[in-house]
């Protein structure tokens, strides 16, 4: 595999639900993902770039429902 | 076409201007898009994942102008 | 909700595993998602824009494994 | 190269740190990027679409640190 | 506006239809967009990062149709 | 922080230059990033989803030049 640490620029975009990560957790995630790319791909951390996008639970869907709906169903089923 | 409902994970990202959709409309969109993927591609809704990104009208451009500018020009031309 | 059919431009990005959809299925998906946005959000189809990204199974991971690995495990467990 | 100004729809997504651009600067960026695509690729501005995503400095990392951390280190080193 | 040229890292993603830009045109686009960010936002080109995604015309839709369909309809209507 | 392992679905998109990672390296990256999210955010790996996008060096720019140009300049300067 080509060694080209100096010029390329790995970019990571992470999407998580809003409200599940503290500032400290987000820092740990940025550090952890950067370490993976340094260790596994030999990239230069100077140019490793991580963006976290925190998505509102009304704007996030799975199984055809918003996360707001899914969480509310789950909370009800747990009572 | 390969049938592999169990493991893959269709991901949909939708970008719309902020302020054009209510919470109910966003739920209907998540449900509708999920149905399309279930019906047309035979995917398992358990793993269909929809994210809606609502973009501020200052941050959205067409024809070289922001949506704020475009809407304001249109409102003026309608008076 | 604001009616602004003329100027905004909903954008949809869909990521699916490579090899699970035929050209006809992709056309049906583009048509179906566009219909959802017309019906639910009242957007003008002229400016509804759908991009499908077909991801190689080596480049797609879930549960910490690539789709290639997951499919091969599943195929083995089915024999 | 194919001339097809009428139907395709270049889409540009720009990610910048939150707080580095005023509304006027963002308008200038939208205008400038649109001009580049008109001039260099011959596209129709009617369908050139630019989205600016302003990322919170806690959610943006380089060198394994958040922008908040990097800016604070730099501010300290400058005193 | 905050001056922070040293540490942030503007990222631009450009999506165009496959086959509309030559290698030279893509270089001109990368150069032109970088210039806009340097001029308008005062960013350091060292960390300005542009990615061009060329989308297959079967995977790109507008008005509920793929670009392949739209181009073929247009070609027919022009004969 | 809310514990909601069951329903949300972290999504990670990684962009790297084409040709810098082998299939094995990509598997190690998927595994490593998934581990970070399990360890730091307590997410369920069942729903952690990683996509790697390998970008052609003609389509990737930094400092206003394509990666192809940058690599070729560097190779010349090293002789």
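Going in written order, the chains are labelled A, B, C, D, E and F, and every chain counts its residues from 1.
The definition used in the following text is that contacts are C-beta pairs under 8 Å (C-beta built on N, C-alpha and C of every residue); 3 or more make two chains touch, one makes a residue touch a chain.
It should be emphasised that the depicted structure is a prediction, and the values quoted were computed from it without experimental measurement.
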When every step has to jump to a touching chain, what is the lowest number of steps that links subunit A to subunit E? 1
Of all chains, the one whose CA centroid lies most distant from that of subunit A is E
Taking each chain's centre as the mean of its CA atoms, subunit B sits from subunit C at a distance in Å of 11
How many angstrom lie between the CA centroids of subunit C and subunit E, rounded to a whole number? 20
What residues in subunit F touch two or more of the other chains? 9, 11, 15, 33, 35, 47, 49, 51, 60, 62
Could you please write down every pair of chains that are in touch? A-B, A-D, A-E, A-F, B-C, B-D, B-F, C-D, C-E, C-F, D-E, E-F
Subunit F contacts subunit E in the complex at 15, 55, 58-66, 68-69
In their complex, what parts of subunit B are in touch with subunit F? 9, 11, 47, 49, 51
The subunit E residues in contact with subunit D across the complex are 1-2, 4, 6-17, 19-22, 25, 28-29, 32-33, 35-37, 39-41, 60, 62, 67, 70-71, 74
Spell out the part of subunit A that touches subunit D in their complex, as residue ranges. 23, 26-27, 30-31, 34-35, 45-54
